[in-house]
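First comes the structure, then the notes that go with it.
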Amino acid sequence: MRRNIEGCVMLEKDQPVDTSSKEPEYFHKFEHLKITRTENGILEVRFITNDGPIVFTGKDHHDFVEAFSQIAQDRDNKVMILTGSGDDFLAQIDGPSLGDITDPGEWDRTWWEGQQVLQNLTSISVPVIAAINGPATVHSEYALIADIIIAVEDSYFQDYPHLTFGIVPGDGVQTVWASAIGAYRTKYFHYTQQKISAREAQAFGVVAEVLPNKEALMKRAYEVATNLLNIPELTRRHMRMMFVAPLRKALLEQVGYGLAVEGISATDLRMTAKKE
Amino acid sequence: MRRNIEGCVMLEKDQPVDTSSKEPEYFHKFEHLKITRTENGILEVRFITNDGPIVFTGKDHHDFVEAFSQIAQDRDNKVMILTGSGDDFLAQIDGPSLGDITDPGEWDRTWWEGQQVLQNLTSISVPVIAAINGPATVHSEYALIADIIIAVEDSYFQDYPHLTFGIVPGDGVQTVWASAIGAYRTKYFHYTQQKISAREAQAFGVVAEVLPNKEALMKRAYEVATNLLNIPELTRRHMRMMFVAPLRKALLEQVGYGLAVEGISATDLRMTAKKE
Amino acid sequence: MRRNIEGCVMLEKDQPVDTSSKEPEYFHKFEHLKITRTENGILEVRFITNDGPIVFTGKDHHDFVEAFSQIAQDRDNKVMILTGSGDDFLAQIDGPSLGDITDPGEWDRTWWEGQQVLQNLTSISVPVIAAINGPATVHSEYALIADIIIAVEDSYFQDYPHLTFGIVPGDGVQTVWASAIGAYRTKYFHYTQQKISAREAQAFGVVAEVLPNKEALMKRAYEVATNLLNIPELTRRHMRMMFVAPLRKALLEQVGYGLAVEGISATDLRMTAKKE
Amino acid sequence: MRRNIEGCVMLEKDQPVDTSSKEPEYFHKFEHLKITRTENGILEVRFITNDGPIVFTGKDHHDFVEAFSQIAQDRDNKVMILTGSGDDFLAQIDGPSLGDITDPGEWDRTWWEGQQVLQNLTSISVPVIAAINGPATVHSEYALIADIIIAVEDSYFQDYPHLTFGIVPGDGVQTVWASAIGAYRTKYFHYTQQKISAREAQAFGVVAEVLPNKEALMKRAYEVATNLLNIPELTRRHMRMMFVAPLRKALLEQVGYGLAVEGISATDLRMTAKKE
Amino acid sequence: MRRNIEGCVMLEKDQPVDTSSKEPEYFHKFEHLKITRTENGILEVRFITNDGPIVFTGKDHHDFVEAFSQIAQDRDNKVMILTGSGDDFLAQIDGPSLGDITDPGEWDRTWWEGQQVLQNLTSISVPVIAAINGPATVHSEYALIADIIIAVEDSYFQDYPHLTFGIVPGDGVQTVWASAIGAYRTKYFHYTQQKISAREAQAFGVVAEVLPNKEALMKRAYEVATNLLNIPELTRRHMRMMFVAPLRKALLEQVGYGLAVEGISATDLRMTAKKE
Amino acid sequence: MRRNIEGCVMLEKDQPVDTSSKEPEYFHKFEHLKITRTENGILEVRFITNDGPIVFTGKDHHDFVEAFSQIAQDRDNKVMILTGSGDDFLAQIDGPSLGDITDPGEWDRTWWEGQQVLQNLTSISVPVIAAINGPATVHSEYALIADIIIAVEDSYFQDYPHLTFGIVPGDGVQTVWASAIGAYRTKYFHYTQQKISAREAQAFGVVAEVLPNKEALMKRAYEVATNLLNIPELTRRHMRMMFVAPLRKALLEQVGYGLAVEGISATDLRMTAKKE
């Protein structure tokens, strides 16, 4: 999982920037991310497991911290598209791979990573388009750090794992949804594990466009991305950072606390189980 | 520096906690609240005056501070339903009972209680369901501290007393509505004493479900409450406290000021009346 | 330690306040504002250039700082209506008149004025009604500091100049729209220079009423204003200041930064142009 | 729209308020608080165990929530003095009485009480004088919610229990000290369990006056209290609430999180002990 | 989408800016301010009444709003020195001139002006040096909006009027002092009308330098000002605005509320007096 | 809805974590950082250039982003000591290496890195001790993100580069100092390029201990670090993150803006120079 330092050259040495024809190493470093880039700098980041929909693991939770940090640091990226593979955006999770979340010592790592991945995602200084190709029911906060969200007709959002495991949805999913659809819809969404369809999400103001199918979705994602490239470089970067600033602050204020009580609720399940 | 855990004993070992079969004293302490609890811990708090719709009084303003404090402290409560009696949620107010609101010395008590009742309502660490059985036109902020709001078809929200009395709606009603439906809808609601129907409130995102009649409403309230009981104890409690935290902070920031200018506007009515 | 109240005299005894029959000087001081006032204190502020729709200039950017400061200080104003002339609310801009926005030394003046005009607009302590008589595509933040926004059927909102010039929309337009329609709709609005029609703006919660034509619009604006006059003086003033407080704070936090990066993006255009 | 003021009657007309000659029930309700009040309304609250220095217990942690709520609600209190008995302000703690703090289920009660006691202490709307009669090494945040702190020459402050138990000092003690002596002194104080003498605390700006002995301390406490009574009633109350507002907000923001990670650190001690 | 820079002309080309040799009108507009400016742009603003120490009046409270607005808008000002006349900085107040502060209708004007004068003072985008030539016991918040405060040996700070009148010190004086010397010293300062000498204020961190006499004071003020002129124009301006931003925000959050409860406390004095 | 805990496996079971005996690659990756670690996990990070005092370069500005990110992610680090080499902590800067800071396009990279390095430094979840072995006159904010600062007798703090270059000190140095010594001392420090000696810094509350010489300094640094190791793992980590949270938030709020106006002031120097 370590990065091969040998191949690195100094940034801006002579300053020939990496061209898109020469791929940075991080494109191939993360098992469950398929990363590609067009010649004009549209980065596509695709969640993937064995060429199919991602099955999210504890290793991903760890990897994504570095992945989004690398993406943020690479100034050859001009716009980013975040999407899923096959029929899911992000909808499967490998519970056992997460480690023993009931052990505070192990949770501490999750606690740190969970905050850091969102700080890194919101440090990406180019516009992010989320192309929701299917259900987004696991870590949907990754989708909502995007600036523009477009979705296929039959996709939907839900927060599946937390209440299914019986633990507090405190990893930032509470924060992004409140920012997106307001406090009251968010509470109902979480307490009842409500499914919000793409159309409802559009009516609620979080999804910008609904497309009929996956082909139309990706076509439109690239169209929007290409249009964004017309915005001058610094303007485009500062728009992203300006727009994401309030969310970044809310995440900083709320996720440390949220993940702490999420961990407590997990530990309590073990304790309670023992007593029973 | 390690703590010797062996020596620890349970807190208040010898003090048998009230079981739900034995009702706490506070259930019968407050004239205009009818409080009951199911065996599994669903607390129902019903506004009531003489078995009919509540006529809100200055004594209620005082009583509710303690009532919601007691409810918050009682850990046998697992979920709370807040509702009204007869055809009103909370729609009648006994003006004279409020005392001389134009006298700053008297208002000071109102100023303190008004802040405290909202801090106490938001210190209740179990999910709150508001079941809006009819018009909520007086102190509708009590309804909106709920997590999930369901309403009968012909109910509506309005802020009746403040502009009718000619005083600033600054007791928190400004804060909860802005949190619920946004700043611009809230301003129109208050400046024009707009009636927002249950259906409109649903479209605006604050009401989660609209039910055809009162029977269906209470049936659904208990269904939702029962579902919430499936969430493990600590998870359920921490979800409530996590979700209510931003509102609690907004109330702390805004209600002291809001009630101060509400009191000033009341006093000015007397002063102006004298001059004329 | 008691104050001797007997000795008090009225403030500015010998300085007769302007009555509404005698117009204050500032009514005629600003080239592109037509200011009138009814006998009962309804102030109408109309954007205008040569009796037609305003063509916004750098001089306006400068003048409006003082204009809204004067309006705020004049306590004979009881309600304010903000509207445009002819078929535009505010939709044309004289680019060259803005000076060399790519020069940081010149931009600094814009940076200061841009913050100050919004602080002054939000220091107006009477309700503001925006009557949107046509497209509001330039500095639409002026419209959104209103409490109640009504619009003619065929009007719309857009942010035209910033992306057309290729610079960051950081002058507060980002802040008011986020407050009005939420973060995600705001990002789409800005990235894509989306036109939001009056009807859509109503569905999004920012426009309160849509009127069929300009005559109906102004008639309704005065009706609403007249109704607001029924609210007692101090109550009316404090409602405005209470409702505008959260926006005022958000503007204070965000516009200094926003205008700084807007200026940077403008300067970069010149630098980049030179390199090419 | 004017309110008919004539019809108003005094709030709770028929309910004679406790006069200071008749002691309220809560004066004698809490085992480890000795509460007395002078005729002119100076309330003295003294920590006490069997007529000597308090040994703080889990029951106190529970009782104080209600105690300070009752004190806050009693408008016959005009100024409050908070002090200790014998040679301690608050310096002994009965570890086992706290219950099993390593069990998240039990900790949850502590989590709620710990937040609530500080919200209640800061809802007391009369000036609070802390008279530090000896070491304040346990829950020194109770002392620091005072407005004016005076101390005997040989007293000192320390945070003894948290690091001695090996747990995070997150119950608000982190918040009050940062407010009092700044972030860097606070960190050193906590990481090293530093003793800060009365004189140092005065140099750091948190202690206002140092007195030679306990007699002089209490004499001065009553002198200061009596002087504060010269401030008119509403002015005195509003000064307290105005001054305590920023701290109250900081506590609301930080203590829920702080107590969560304190609980996690406690639970981890048990888990780690088992593994070893 | 690039902007054509060529067509840009200077803002207000035909409007020759005031040179420092030609004094702006506002220099002589305000009765109790003596305003002068050196050729290199050091603006001196001196509180004055009849060539002697200022006796602060209600008219000043009104005038200063505009005065500091004009100063802030005049870009020929490069550094500002704020000082007093004779032996006072600002230490006398003409109570009756303030109008009937017990009447909410009159207070409303004070409420608005009190907030606005501090927003205008903190909108001055050049460094401000306060030269404290004698006691600053009235509106000392005017001194503390400075960046650098220097004082003569025998000067001191106090808040005299508020508690002498018996009203809440809520006009911002609470905010600036908390920012300057911390929360606990501020509370003691206000509750006891403490005199803080120049030397103590230096030890507390708010006064930067203590000078032996008035001649040395003004000589040093101009030395410091001249040194600040060495900082490039935009750097100097942005340093001021960056440094004052947190205070400006705190004032926006706290002064509306503070002045509201100050007014309430004043009105209550009249009410209470009548009852007695 | 309970989670089956049985199925859980340890996170990254098969991936043996680096033990302290085996050094991670990042220890030797950054040219100007000498990184070592004791067996019990005390990480020493030393600024260095060719075995002597560091000469800070643009490459360091870039490298430190990743360096502190790697340090933060490595859970084998238990406490961190940050110090300098030879007679400087950090006091020399290679201006030309920073690139053309007057070019907004180049500055944009600095703008991003400057924010990110501070977010990464404050994401280090173990206590940080700064051992100030000599002048800290360049990027002293790196020292002040420490929890405990100790310094040799003849060391001092200053902000040398910004005003020497003529640009705004907006890279976070404004934020950490305000947090450390208050707003007024900070303004004087920056406007006058004041040198604050170790002893003064101790009196101001930011330096905890002053040591006679460098040997004593490092001996004490390791003593303090060793003592901190006695704090249980999670308690130690959470103390750091709890204590650094308010600073982290202040940095997030202020540094994006600060670096923007710093860049503007740099660009303006070029523009102004051209005009002259």
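Observations, loosely collected:
The first chain written gets the first letter, and so on, giving A, B, C, D, E and F; residue counts start at 1 in each chain.
Here is the rule we use: a residue touches a chain if its C-beta (ideal position, glycine included) is under 8 Å from a C-beta of that chain, and two chains touch if they have at least 3 such contacts.
Given the structure is predicted, the values throughout are model-derived calculations rather than measurements.
When the CA atoms of chain C are superposed on those of chain D, the rotation angle is 180 degrees to the nearest 5. Comparing chain pairs A-F and D-F by the number of C-beta pairs in contact, the larger count belongs to A-F.
Chain centres were defined as the mean of their Cα atoms; on that basis the chain farthest from chain A turns out to be E.
Chain centres here are Cα means. That of chain C falls 28 Å from that of chain E. If each chain is reduced to the centroid of its CA atoms, chain B and chain E end up 43 Å from each other. Measuring from the averaged C-alpha position of chain B to that of chain C gives a distance of 36 Å.
Touching of two or more other chains is recorded for residues 1-2, 104-105, 108, 163, 166-167, 182, 231-234, 241, 245, 253, 256-257, 261, 264-265, 268-269, 272 of chain C. On the chain D side of its complex with chain B, the touching residues are 1-5, 7-12, 58-59, 62, 65-66, 69, 72-73, 75, 95-102, 104-106, 108-109, 112, 115-116, 119, 123, 125, 163-167, 233-234, 237, 241, 245, 248-249, 252-253, 256, 266, 269-270, 273. By the touch rule above, chain D contacts chain E in their complex via residues 127, 147-149, 179-180, 182, 205-206, 208, 224, 227-228, 231-235, 238-239, 241-243, 245-247. Listed in rising order, the residues of chain E touching chain B in the complex are 103-105, 107-108, 253, 256-257, 260-261, 263-265, 267-268, 271-272.
Listed in rising order, the residues of chain D touching chain F in the complex are 163, 166-170, 174, 178, 181-188, 190-192, 204, 254, 257-258, 261-262, 264-265, 268-269, 272.
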